[in-house]
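Chain nomenclature is as follows: A, B, C and D, assigned in order of appearance, with residue numbering initiated at 1 for each chain independently.
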């Protein structure tokens, strides 16, 4: 798989986690792709933390409304049944546990669910934006990312980069497999048959518990 | 009490050294005309409180390029490389604040609350040097209220009493910053007479708006 | 996801012993039809969270007369002599809460905040038994978040996704109680289809509304 | 003066304290009358803490809108330029110091500004409603009341009833005079020439400082 295929593969698998009626917040980058793969028949609403529920697809050139942009500043649309609100309401929704699932990228995830995804000391720091709020507030946190960075594991025993949140991650979806964060550590529940379990373990910086119900990742 | 003033009179209310809150989210819902006029007038050693620092050529980012800030509070600076450069080279102090915490700190400042008690940022760099309050056995970070000398805000529509309404995702931080500033100035796309705005339609009551600049007349 | 249910199904969601939040201010913006149906169905040992206890023949006061509450949190009970009688004779426990504190406690419960830090009530009976937090040398009373099993709310208009809008002074406590309750039920004067409510017009986003009773059809 | 004349006299004098552009909150009872005496040419906005700014006079019978009532539950109107909002916004306005003046009745006021106006132990307790918030939040607190209750002083060295707020009162207007609460205690600044200063002192339960600029009360 090339990079685009890898990202689509991950996004598609994440989308299968979403349930009918869910309110979902997608981080920028790879997580944004998840919106393209919501299964038929499931109604999922997307929140845009800059101020609305009902994030729709990009508009046609002549339909752009400069007042309707996503949290990345790009023109988008709002679906029927959506609503606009201010940042206090938006983060009340997030911090009050009203977002069912958030999908975020990560630099590192630890086996206890700690996550680092907002800064590398000494480098340009973009800032945490709404990530810390989403991680502390969303009911379910899914990390969608490539399994390694330049060959180095991103799933670790402990994070070495500054944390974005403590014990926040519930599920990790990579091109290699699906990993649950359990009280005992990472549990591999599904794997991509293009890889062996041994290869996945070798690409992971902490011990993987192998689920007794280990399945192929679709 | 007619609150309409000229663009020039408006920006003359900002003095060197002031703390300024500026509405907008990646330059959506930002008072661009007020910003341009303030850059033209010139002001230095300002402290900025804003969700982000926009872009080098759009939103509050233009003021970053003009080196008007000695200190910046924002949740995200990644879309404006000049902010990152000034930060890394020690020209400007940048304090990164989780987005949901930032808006609640502003609301607390405007609404007379003693602070914000939140889970967001616990166990991260954000908690450093801050008070932690234990409530029924659970720990919460205490984030202090924020206030400013001047707030520069955007609205879709204002009546001459300062009642505001909005369109799309432009509300973001514009709704509470007026309450938290000694002087609040709103750039409204459209200004209507008293009685032309339905009281049910008002999003921000005029009590939080001291001055209005009629953007439609410029 | 159509959230419309019948009046009968709605009140069957309230169980003996539940904590219920009920919107309204002296019976303005109160869901009268839900209250009447709940009285007819019967429920006992409820705990009420409401601004006031209305009147003996209007608003939540009818439930007081029907002796449905074992405990009441309210800011004002003076318009309902039966509440005062039950309180003085020890039949019902009444906790008087300052109005501004009460709405912030509900908002905190719905928005995931650890509590409310306020000057209101300092040095009065209200502070008894409560934690006081000192912030920069000033004392603030810590008031805890409030949540409920069920919220019974009123709105002028709802779409079938639960987005709400209001008329007049009926918003009062109706806007935040839905966020703070496990199950929120809105009695709407008028129910419209998806897309018939402008996203700019929404005051409470549908995420805070679980069920809608169409008041106009009753 | 009979009771009605006394109340009108007090209300008229309080109204003279209001300034052009003020936002004012009037308590129930006597304070409500103040709205009738706002001097010509001064524009004063009244807040109704149940959810709007722009409290207008009572409607004609056929113009009653059941959704527009005051904080006492009575039908009222909203003036052009007014706005409706929820209780969180309403008390944000109050607690954030955005109400210029509140006028309240009292059972007792102490010479340090302590006030008791919400309960008499052992009697029916109406509750504090929004009074504690108004006392802690409004910029200026004026007590409008009769000087004595059944001949007993209501201005005291210390309150004996449970306090509504500590050191909150700025000015007291009675049928006998105008009394400022100063760091040194009560200062009589104006007196009704129907009474002698000695009579006023005799009706007061704390020492009166006589202002060097003592004037007749108009």
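Please note the rule applied: a residue touches a chain if its C-beta (ideal position, glycine included) is under 8 Å from a C-beta of that chain, and two chains touch if they have at least 3 such contacts.
What you see is a predicted model; the values in this text were computed from it and never measured.
Considering every other chain in turn, the ones in contact with both subunit A and subunit B prove to be C. Pairs B-D and C-D differ in how many C-beta pairs touch across them, and the larger number is found at C-D. The geometric centre of subunit B is 35 Å away from that of subunit D, both derived from CA atoms. Our note on geometry: subunit C versus subunit D, Cα centroid distance of 29 Å, whole angstroms. Subunit B and subunit C have Cα centroids lying 32 Å from one another. Centroids of subunit A and subunit D (each the mean of its C-alpha atoms) stand 55 Å apart.
In subunit A, 52, 78, 84-85, 91, 95, 136-137 are the positions where the chain touches two or more neighbouring chains simultaneously. Across the assembly, subunit C contributes residues 104, 107, 112-113, 118-119, 166-168, 200 that each touch 2 or more other chains.
The touch graph of the protein chains shown belongs to none of the named shapes. By the document's touch criterion, interfaces exist between A-B, A-C, B-C, B-D, C-D.
For subunit A in complex with subunit B, the residues that touch the partner chain are 48-52, 65-69, 71-73, 78, 84-88, 90-91, 94-95, 114, 124-133, 136-137, 162-166.
Subunit C contributes residues 25-29, 51-52, 55, 74-79, 81, 84, 87-88, 96, 98-101, 103-104, 107, 118-126, 156, 166-176, 203 to its touches with subunit D in the complex.
Of all the residues in subunit C, the ones that touch subunit B in their complex are 104, 108, 112-119, 131, 133, 135-136, 138, 140, 142, 144, 165-168, 200-201. Of all residues in subunit D, only 20-21, 23, 43, 45, 52-54, 78, 80-85, 89, 91-93, 95-98, 136-137 touch subunit B in the complex they form. Residues of subunit C that touch subunit A in their complex: 1, 107, 110-113, 159, 161, 163, 179, 194-195, 199-200, 202, 205-208.
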